[in-house]
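The following pair of complexes shares a single chain, chain A, combined with chain B in the former and chain C in the latter.
This part shows the complex of A and B:
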């Protein structure tokens, strides 16, 4: 089983397990909502796949010209187009593609060795997961706590400072922030590497099992590799995390401020409970409900940010792969990546909605 | 309290980064080479890219090869060869002592196997091989007979390409290509022991290599891939790689040249850049108008203003150092000559009130970000006369190359690097009537075809030189394309780990010749 298949099957098993649990334990309204959402996901993915298929073929250029450039003779180009099936009518290509997707076959890359897309993604998806997960954890953790701090110190210097930071963080272009961090912490201070997932030499000795290098190095007990992987992970995940942080700071701040004027907080304050406990335990826990929703909504932003972060840090993930293959007009590769992205966003969005219903009893579907 | 927390966090960050940084110090004999290329195929009967060939040339040897550090072709696996009187049959006599990493000895059949697979399986290199070769047969373990379709005086140069390297029978399937085998082996000094096309290639020494390694040579070579030249340049500054190799652009070379502890090496070779007028489309189907452009393009100004002299002007498609290379465009047009250009334009009915207007296309990044500056200067030069109005058009590479080679642009911009080091490879693709359309040029002239075909078949260097000189004169007269610049490729190495490297104008980088500290 490929690492991608393992990750996908494992993740889907957890996700579907949770959805089935919610379906069995939830209210009739929630059950109906889950069924509707699952059924809606199928046409949504179908429409997306169709749109991407059409758009890729409408834009000028083709993979043969991109790969051969001016070198290939006219005969060589025609022969390659024929081999790749690009001379078939579009409708034939489309139904061929749909037939493969239904059989969970994403096809083969049209350029660079024509590898199966599933193999390419099995190398790339784990890298993206490894980048985005810590970035999201940082964004949520730092953003929520900072928001609470700003609420606690409302209209003080730290509040203004954090609000300014939150606006700046989601206004800054990721590639610019990444480049600045590379120059400061990589070139000037020499504290962090600026590209790649792991030190080249350490990489040789690391056995790949899941392709999530943190996990692989722990499983194999390769602590040198773990150190190198974490070392390489800091700058890119920090870059992506900072850009996502701003919105969490603002949402957390507003919700904590609203909670702080609720009766139960005033009562707690009257009983002499310390302000820190009131803010970080009582007010913040109630403010977390909309933040859970936001995490689901930010997932698509996270993936978009990963594209730019991976490009800036030569991080060999799905985002970098997508950018390269769009430029090369590798239709099947682009379709494969978009399909995986779309399914991920759909599943995360559904899970978020279900979780929301569980943690907030007031929510009714 | 908050301040203490902040200091504690900062301290923790610094300590952890120092601890992490000490995790993997490089081995003294391991060299890490950065590249922005991508592996396309590791099948000798398929590969047709500079980077794939570089890996192959380090793992294997061809019938002929380059003298390290030069573009001179010398015997490789073949110690000598005979050519039949009609120039159609080459009999190569292989040397002895060549062995694969597993101890198997080289046989002539191994080379025939690669050639025949390339001809039978329709991989990327298929068209190139069948254009020259009719049959390849091993008559015994050390003799290979190759029969050509037509006589080729430059076949020894052609025989330096990857399809003329050995692959032992059984190492690749006979009936299909295997672009990503588990390992890549040959009779060369290295073998690829592991690789991830997105991250890195690891090469170890071939224990049975015919020659001894220098004591300063690396024991392990790692090729590490980067998204772009900027990332690679930052990585060598940061000490993450020992050598930054293909493809550093002129801006990175300029910047790294100012960094202490780094040495830049000019390979002396590199891609040429040229304008592609479309002979099958107005206005440049008109020779006078192409000549008018040739009179206006001032290459020295481009070189000085855009890249402060880090690139060189080019006055023939054949770069200096190749047989018959000359500077015909300089002697014929001596640009800038605005008066001469205006005379031609006026003869064609253009005036200040009725200027020649056209779109000039280029890709914004494929040939480096400085392409935009080159075209700004070109626009100024062409509009030095009021009889011309140029509109610059930019299109990203995927769309651009498709449209240009399909003949949709009146004039565009391309680069070229040879497949094999011979003058023919700088003229035939553009000026030979059957090849020219696929380059977006669509030039056809029987006289030119005659020069090129005769020179290609000729084995006498003196006669070839005469024919190619005549061809270049006709090329400049007809302004088939307009050569602009040659951009030498540079490698940059860290003095702390590397003592020297050897790369010649053919851009062949022999890793076993790297001298480590």
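This part shows the complex of A and C:
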């Protein structure tokens, strides 16, 4: 089993573990909602896969001429078309492609030794996960809590400060913020490395199991490698995290403010409940409902941001790979990356919808 | 009927003034209000919308926004609530005075189950109480209020309006407070549910010996329920006294108008319901002197210059009107009320 398949199966297992947990804990209404929502995901994924197929064949350019160049002979072109199956009727190509996707076979790269895309992605996807997960956790955790803090201290200095920060954070382009952080912390202070995932010397001693280097170094007990990985991770994930934070600060602030004037907060205050608990438990748990929706929506922004962050920090993930291969017209690689991005967005949106229904007892469709 | 002087005073409200800061200037929502709440009584507080009755109720628990200025004294068991710091206030709220709010639909946290509300209320004031004994107390209480104990593990939206209002009452009672402020507590319910709830409220009152301050615009409800009545107009107390005295012989011109404008089943076909002339005043610029004088059918020259004070004119009845008081520009005879 390739590491990519392992990661896909692992994360799907976590997702379905949660769905089953919600299914068992939930009321009958929640259960039927979960079943419907999961069933709805299947046609959605099918449509996504089809759209990718169609788009790859509709956009201008063709893999044969990009590979052979303008000087390839007609015979060579014809041979290659036959080899790649491009001469088959489009419907046959489509079903071949579907059959391959189901078996997690994404084809072979058109350049650089024609490696299977699945092998290339199993090196790249873990790097992207390692970058985006801490960024998202930072953005949601810091964003939501500081939004609640701003709401609690409304119209005080900390509120104004956080609002300024949030506007600034989402109006700054990722690559610019990345460059500034690189200049300040990487070059002037020399505190953090500005490129790559790990020191090359430590890298040699690290055994790759999942390709998520944090996990690999913990599993093998290689603490020097863990230190180096975390050291490399801080700047890029902070860059991506800060850019995503702003929206969460603002949404959380406004929703907590709105919740704080609700009758149940005043009623809670009249029962002598502490202000801190009113803000961080009662108001925030009601404010979380729109925030969960936003997490799902921001996930696509996160992946787009990952492309820019990886390019800025030479982080060898999916985004950098995508940019490289688009430049080299490697259609199968581009198709594979987009497929993985699209699938993960649809799984995440499935999860957020179920979490949404799970935390808000009133939501049933 | 026990005489007022013989009863124990629970809350003593003296010279209470509440001012809201608005863009157009301060609004004096409660002006110089003084009265007592006795132990074990039901005191009705009535008045039109916007007369300051809800503000008064919230001021007693210090639930108004922090920008509001509150002056005067609210003595509860001899301690001034207005002087309490945050900790004292937290301990006081819920345990000494609790409040039942107007809208049971929005006064419960929608993502918290009913039993979690009740357990939380207990544990806030008695941190050493475990969840299980707390739940047992709650079961007894909700069954007493006519709700099956199985229903309290539901979310608020799964209960009917009447049930939710019972839960609000339960939340008000769960810590055995000395005073419950019911702010339009039954307004959003239909009359049948309301009547049932009122019967229950009275039973509970007898059983627990709590005092209740019923804030409402519904005079019929107060007539049914209360021992004493306070009538409020434009932030001031107009009249205060035993319910029998006031309904029998209202003294203040406003109270008289208010009682005449209540529809009665005995009303003659040709007789029209009394409509009080004019509008309640804008409290950013309250009228000079007595705040009722622009609408008062019996206004005298003094009324627009000087505000009268609330004075006892006979036992169990106090009124805030120059008609019953000696005043410096006395031209018309002061009405003497026979006790």
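The criterion applied here is as follows: the second predicted complex is superposed on the first by the 274 of 365 C-alpha atoms of A that agree within 3 Å, B and C clash if a C-alpha of one lies under 4 Å from a C-alpha of the other, contacts with A are read in each partner's own complex, and residues count from 1 in each chain.
By definition in this document, contacts are C-beta pairs under 8 Å (C-beta built on N, C-alpha and C of every residue); 3 or more make two chains touch, one makes a residue touch a chain.
This one's a predicted model, so the numbers in the text were calculated from it and none came from an experiment.
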Tell me which partner A:271 touches in the superposition: chain B (first), chain C (second), both or neither. second
Touching A:171, do we find chain B (first), chain C (second), both, or neither? neither
Check the residue A:285 against both partner chains and state whether it touches chain B (first), chain C (second), both, or neither. second
After overlaying the two complexes on chain A, where does the chain B footprint on chain A coincide with the chain C footprint? none
Touch list for chain C against partner chain A, complex: 61, 63, 86, 89-95, 98-99, 101-103, 106-112, 120-121, 124-125, 155, 157, 168, 171
Flag every residue of chain A that touches chain C in the complex, lowest number first. 262-264, 266-275, 282, 285-286, 289, 359-362
Interface with chain B, chain A side, in the complex: residues 59-62, 65-77, 79, 83, 111-115, 123-124, 182-183, 186-187, 190-197, 199-204, 224, 227-228, 230-231, 234, 311-314, 316, 320-321, 324, 326-329
Complex interface listing, chain B residues touching chain A: 14, 17-21, 23-24, 26-27, 30, 32, 38-41, 48, 122, 124, 126-127, 179-180, 194, 196-200, 202, 220, 222, 224-228, 231-232, 234-235, 237-241, 396-406, 414, 416, 419, 429, 435, 437-440
